[in-house]
Amino acid sequence: MEKIVFYILAFAMLSLSLMSVLSPRLLRSAVYLFGVLAAIAGFYFLIGYNFLGAVQLTVYAGGIVVLIIFSILLTHEIDYKMEPPSWLRAGAAGVVCAGGAGMVLYLLSTTPFTRVEAPERADLDTLGGLLLSPGEGGYLLPFEVISILLLAAIIGAVVIAKHKPGAASNLNQENQTL
Amino acid sequence: MEGYSYTIWIVLLPFLVFLLTGLSSMYIRPRLAGLIGTGGILITLLLSLLTAAQYFSTAPPESGWPTLIPFDATWLKFNDTLAVHMGILLDPISVMMLVVISVVSSMVHIYSLGYMKGEAGFARYYAFLSLFSFSMYGLVLATNLFQIYFFWELVGVSSYLLIGFYYDRPSAVAAAKKAFIVTRFADFGFLVGILLLSWYSGTFDFVMLNNPDGAAIAGAASATFMGASVLTWALVLIFMGGAGKSAMFPLHIWLPDAMEGPTPVSALIHAATMVVAGVYLVARLFPVYHLSDGPALDIVAWTGAITALFAAVIALTQDDIKRVLAYSTMSQIGYMMLALGVSGYGAEEGLGYTASMFHLFTHAMFKALLFLGAGAVIHAVHSNVMGEMGGLRRYLPITHGAFLVACLAIAGIPPFAGFFSKDEILAAALHHNPAIYGIALLVAGMTALYMFRLYFRVFWGEDRQYHHTPHEAPAVMWAPLILLAVLSAVCGFIPFGQYVTADRLPAGSHLDITIALTASGISVAGILAAMALYRKPSDRPAQIAESLSGLYRLAHRKFYIDEIYLAVTKNVLFKGIAWPAAWFDRHVVDGSMNGIAWVTTRVARAIKGIQSGQVQQYALSFVMGAVALAALFIYWLKR
Amino acid sequence: MIPGVSLIEILAVSTLMFFIGVYGFVTRKNLITILMSLELILNGAAINFVAFNKYLYPGEPAGQFFTLFLIAVAAAEVALAIAIVINLYRRIKTVDVDNVDTLKY
Amino acid sequence: MNILLLLLIIPTLTILALMFSKEREQARLVSVVGMGLQFVAAFYLLFAFLRERASGNTDDMLFTSSYMWFSPLNIRFDLGVDGVSVALIVLTAIVTLAGVFISWRMEDLAKEFFISLIALATGVFGFFVTLDLFTMFLFYELAVIPMYLLIGIWGSGPKEYSAMKLTLMLMGGSAFLLVGLLGLYFNSTGAADGHTFNLMEIAAGGIPVEAQRIFFPLTFVGFGVLGALFPFHTWSPDGHASAPTAVSMLHAGVLMKLGGYGCYRVAVFLMPQAASEMAWFFILLTGFSVIYGAFGAIRQTDLKYINAYSSVSHCGLVLFAILMLNKTAMNGAILQMISHGLMTALFFALIGMLYERTHTRIVQEMGGLMKVLPFISACYVIAGLASLGLPGLSGFVAEMTIFVGAFEHADAFHRVWTILAVSAIVVTAVYILRVVGTMLMGPVNNPEYAHLPAAAWYEKTGALLLILPIAAIGMAPLWLSEMIRFSLEPIIRQLGL
Amino acid sequence: MRHELQLLAVILVITCAEIYYSGKDKSGVVPLSIALFGLHALAGWFPIGEGALFGGMYRTHALIHFLKNVLDLGVLVVVLQTAGWVKKQLVPENRVSEFYLLLWSSLLGMYYMISSGDVLMLFIGLEMSTLPVAALAAYEVLRMRSAEAGIKMILMAGLASAITLMGISLLYGATGTFSLTVLSQKLTGTGLETLGFIFFFAGVAFKISLVPFHFWAPDVYEGAPTGIAGYLSVVSKGAAVFILMILLLGFAPALSGIWIGVLYLLAILTMTIGNLFALRQQNLKRFLAYSSVAQAGFILLGFLSAGQDGRASIIYFVLVYIFSNLAAFGVVHSVEAATGKENMDDYEGFYRVNPRLAMVMLLALFSLAGIPPLAGFFGKFFLFMSAAAGGYYVLLLIAVLNTVISLYYYLLIVRAMFLRKSAHPLPVIQNDYWMRASLLICVAGILVLGVSSGVYDYIFGLCVRL
């Protein structure tokens, strides 16, 4: 049963990501991406990492994809269609990606992985405890640091994206010089 | 050694005079410079005569005339065995040369006071003359091969400076350049010869080299190179230097051109002293030449013989008075060389050596006289060309008399000086090689012919249209003429064999009557022929020239040797080497350096496209780089 | 561990997703779609962490945590990137990547 | 204080003083005073050195001192001189002072000019007083770089091209050099604690022969580029031709000596086995360049090019002699460096004076200058005669020592190449006399030349500063030659001859 | 941890100041920020004990501490250099405090990166040091070039971090740990580990801008505000070099068989490509970008010596490079601020108009080219010594020949400034005190660092451990 679910999810992930990458329509692409992300969340649930799955769903599907769609809407008409890539670029990219994927997969498949048997600690309590523990195996420091990172990123985003009055005149000049 | 320490001043004094006049030449009055120069040389004359008197008046010991070294200082050490010394060596030939140089140089100094009067650069002229005297003294008094080379080059440069004295005349400049370069080329051989000889013998020292036991040169004699012993090679190369300086065929081409210099210079340098340096060099090394037992001496003899004949033929056809004298000088030096070449070492055998030195001595006197006389003539008529002269005996009686003495001396008419020395040479040649003897005899006749051709054309014949009436030169000019005329007339009676012999042992001089008669006869014949042809103007000389047109033109154009040289230097050296070398350097060597830069910038331009500005291409390169690196190091460069 | 599903199968999915994302990143013409491809790439890597954690090293939730932080970083990155894209759009009224190549050579 | 340190301090202080000087007059005064002091110091060093030697001090290096610099890497600043370096230091002091005099009338950015010039000289002085490879390399580069500015700013003709070419080629040479030096360092065993840059310690410990085979060519070529080694000499004609007078003087007179000195002191001294194994190849190159440079000079029409090619020939002879690997020839090489330094500096000084007056350097465009500019012309003739090896001037001493030394090799190869090199004396005469004949002699071919100003006092001072030592060495070479010869003992020991 | 907390405090104070100043003229923020940061940089020199915190995720010792101080120095210079620009451009736009916040949070990220004892912290530090800079690159929101620089940087940074993540995940898969210490014990050099390592390495190489991961650098440097370009080329690159050094030499000796080869290859590529591109640049910022790419190639030589000298040479070079490159950027910056010109042609005759600035530029360029007696010479020499110590003479020769090429293009600028005369020279440029102070610091560094050996000896002493 789980196996089948996995295959369905795997198929969804791969096909949707392919469609997302190939679709000429932006919005559809975003929707496919959403599908992929959701499928990944499903995969996380499937293997029992519920916390992670939830985060994936909220942050990605709820946050990032919305942000993306928002920006698409801000910058394009709905029925905007992208040009296909030049065959040269696509070919080169295809070769590189196929080669890279082949090599990685070959190496992964030939590496003898050994499982380190230990009781699994994936429940929310443990995770929450570890996240705020400053000691061995705890993640307090990265947690704090990433908060600064997020803060910085948001400040950066706001400063750059915020619309300024009086900018228009400069803008025109800039455009003329370009 | 004691008692000769003053000899150092013979060398130093002219040098000091050179420095003094040279450095102050811009500031002092010309007259004063002339007087300083003349005074200096007169002192050296006195010292030289004193040396000669002192040297020859002491009776020689059993072993012959001694070699004295009153002064010797290390100048430069090359390595533990080879060191260059600067010193003074007194032996019969160097003392004899001292006398020759000091006498001729003094005469020329005095003579020049009149001859060069009013010339721009008068002080410079005297400075150069002093430099020359210094170098020449240093040369003849050298104790070793390297010292001789040192001063050899210095006389060369003095000669260069003096030939180019009239530096605003392009012909003088060219002549000076030619003289220097040709002799320089010869000196290249000289230098290689010195290097060879000194490497094998471990010394430059004449005393060591000339040691009759041959110890010093044994190494060079036993080593061989291309079929001849290294010693022979070395000696031939050294002789090349001598041949260059002494204008032996085929290195003679500079001498006639050198007549562009002031006439007193020609008298001093290009007649009496420097040009015989080659002869002196061979004489200096004569024991080595003799011991070398190879073809070196034969080469000397034949070079001398060929030059003597060759120059005599050309001298017959020249119109420029100084050129005739120049070719005559060549011819006479050829004579001296020839004599050295046919000489042996013992009392009888060594006759050629004595004869050569004797001839050098007498020739210096009468040739200097000839040049100074010619100078007086030129001074009077302001031309060098015989065609513009004639009948001058009436205007220039003193010059005429002196000139006649000199002509008789060079023609070998007894009892003038040339007769005795020439006779000894012929005797030596006859002993050695009849062919050379024949040539020498022929040359003797031709000498008389061309000298009297000159004499008659200048002093006899008809008057020309002179711009102003020629008049006798001032006393400072004719006094030296008279002195030299006296010397030319009497110095043949010096018993030369008593003093100068190859083995240093005094030998009695003797006169071979047959040879003397033959030679005098031939000379007289030559004089008579000249008289017949040139005493009165006639067209007979032209007819003879016509009938021998090919030969005449050949001789008149100096056998086209100059042209051949020119062609060789221009086409081979300049067009064949220098031009391609310069081209190669600019285009190939430099081009390849520029090429590297060019390629670099081209590559830089060619690859600029990979920075296309498209972020996706960067991404592709990024991933490709990562994947390729991984592949490379996982599969190929695994360690 | 998903019964019947081996590690390599999961890794295959993640790897393929990763390189699909790379392909999209390199070929898409629109800056926003490039960002979307970037998300695919990041998620491909994220699955790896999770899979390794689950299959090989279940004792420590290190992989999970890594993924967690990864998601946060990705969010920050996308937010910033979109801000810049929007600013760019204000400047040149397009988000076509071909127009963003004035700086070159 | 070590007197050698003084030789570095004086120029440094001079540069500092120059930075604070205001106008042209002040700048040149400071330069003259500074370089005059340096001149005095150099001669004081010479006398102190001779006094030490006379008092029986037979150490290889005198006045040594050592300052630790980067102790972890055992990089020190080692000072010390022997006869060779003392001679070259004196040469540098003379040429620098003369160069300052010749630049008396420098108009444009005079202060900067003198700063660069003295910076260059500082590099050269530093190079000669150090005994360790690191500082040697440092000073080498320090000496090369100011050339770029000196040629580029104050030069003439295609100055930018020439400056760039010169700098790049010399730096390219130093690239090889650097690899060689580091190779020496890492193969050195002489020091008690690890590797060393100190020349004497490296020499004492020896370098493995396999390493020598790799690093000898690198080092030799590296230094050889500066010593105008064929085919890396082409920077020299262009560089000299474009450089301002004083720079040409310093460059040809002193800087090129760094190459020869380096080949001698580093390449051959430290790697004697490789040197003897590979000498033949470089003898081929250098012997060829002796004659090649001379023939190249014949074709030139620009005075500076003539002199540059002549330098190729003469400097080729220096390297040629060093490669003969015997005492006599090396002695000759050092003498030739000094002689060539003085005489080529004199040449360039005179060419500069002529150019200032006639505004041309093309030989054929000048004529009869002897009449209008007697002092300069006479000096030119003297320089020419020194160049063609006239006895009584320094060139003769040097060349003869080289030839005698080269002849100490009795095999056909050395003989043939030596004779080839000797033949250059003829070719040299040809081009020197052509120039003298065309340019100085003959009729005055340009009416404007009649009014050329005579040499000024500073020009005369500069020229005489150079002529006097040329003549002094030419006439009395023994003391110098012996001083150098004695200092060659260590390298001969190294060579095991 | 004191260092990080200090900086955090500075950040917080500026945040408070922003609130305090809200609605008012904010030019007061600039001196305040500079003063605070100066204090911080100064306080950083107080010695600190060594040890680890947070279960080994954070570690520090004397060397790491020193590295942070070096970075502080670089940022201090950048802050001084940007002061004028901030006042003139950002104060009216009301984006002053944010500028400093972003700058310092990126520095904070570098601190954590260097101090990390764990791959997770390393990754977060890496991201944190990159993302704010991308924002800063796009900071001149009104200029298209700035936006383009920002977009290029963030996209490439995203890709790089994704590839890095892939690499980390593979390493995790192979070893099961994120702790660097444990990782270093477990690594053996299998194929998967190699792959993981190289992908991971690509992320760091991106920051150092090694070829072929360098493409973003020139575009971003050219488009970004000049001060940020200087920051990117010096501080950001320096931090990445430091972390690479700590990782490779400290934690991955087991993989040295691989990374030595990788570095060998990339060193050649980076030097050569960087030089070839720098050769024909006209825009000085772009030019300096390529030159700094080439310089990165030289730095790699320091990794080839296993001993203390190699590490010391790397750190020393970065220190020297900070002064040299920032001096050059400072001059470019002041010219650009005064005239808006940044092309080489514009600099013709520069010396005759602005002799002091030209001298600073000359010193900077010569130091970059490695001309004695400037600091750059010593820096490069020690790098070359490291390569020679490892026996890599061929690489050494290539590197040294590359310095010749680099000399060529540095001289091109010298040519423009000194050799040429211009019909339209730049005006006389009057810098503010901040800029002057920054240039003074740089020049002092360039002149003093090499000749006095103390700094090197000190660094060498610190390099006992990583």
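In order of appearance the chains are A, B, C, D and E, and numbering begins at 1 in each one.
As a working rule, a residue touches a chain if its C-beta (ideal position, glycine included) is under 8 Å from a C-beta of that chain, and two chains touch if they have at least 3 such contacts.
What you see is a predicted model, and the numbers here were worked out from it, not measured in a lab.
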item: Contacts common to chain B and chain C (chain labels); value: A, E
item: Most distant chain from chain C, judged by the mean position of its C-alpha atoms; value: B
item: Chain closest to the middle, measuring from C-alpha centroids that were averaged per chain; value: D
item: Two chains sharing the most contacts, counting C-beta pairs only; value: A-C
item: Maximum centroid distance from chain D, chain identifier (CA atoms); value: A
item: Approximate Å spacing (C-alpha centroids) for the pair chain A, chain B; value: 100
item: Rounded Å distance, chain A centre to chain C centre (Cα mean); value: 4
item: Distance from the mean Cα position of chain D to that of chain B, given in whole angstrom; value: 36
item: CA centroid of chain B to CA centroid of chain E, Å; value: 77
item: Touching two or more other chains - residues of chain D; value: 168
item: Where chain B touches two or more other chains at once, by residue number; value: 608, 611, 613, 615-617, 619-620, 623-624, 626, 630, 634
item: Contacts with 2+ other chains: residues of chain A; value: 89, 92-93, 96-97, 100, 103-104, 107-108, 113, 116, 137, 139, 142, 146, 149, 152-153, 156-157, 160, 171, 174-175, 178
item: Pairs of chains in contact (touch as defined earlier), listed by label; value: A-B, A-C, A-E, B-C, B-D, B-E, C-E, D-E
item: Residue numbers on chain A that touch chain E, as the complex places them; value: 103-104, 107-108, 110-111, 113, 116, 134-142, 145-146, 148-149, 151-153, 155-157, 159-160, 164, 167, 170-171, 174-175, 178
item: Chain B residues within the chain E interface of the complex; value: 600-601, 603-605, 607-608, 610-611, 613, 615, 617-619, 621-626, 629-630, 632-634, 637-639
item: Interface residues, chain A side, partner chain C - complex; value: 2-3, 6, 10, 13-14, 17-18, 20-22, 26, 29-30, 33, 36-37, 40, 43-44, 46-49, 51-52, 55-56, 59-60, 63-64, 67-68, 71-72, 74-76, 82-83, 85, 89-90, 92-94, 96-98, 100-101, 104-105, 108-109, 113-122, 126-127, 130-131, 137, 139, 142, 146, 149-150, 152-154, 156-158, 160-161, 163, 171, 174-175, 178
item: In the complex with chain B, residue positions of chain E that touch it; value: 151-152, 155-156, 159-160, 163, 191, 194-195, 198-199, 202, 206, 211-213, 215-216, 218-219, 257-258, 261-262, 265-266, 273, 276-277, 279-280, 405
item: Partner chain B, residues of chain D touching it in the complex; value: 165, 168-169, 230-235, 237-238, 292, 295-296, 298-300, 309, 326-328, 331, 368, 370-371, 374, 385, 388-392, 396-397, 400-401, 403-405, 407-408, 410, 418-419, 422-423, 425-426, 429-430, 433-434, 436-437, 440-444, 476-478, 481-482, 485
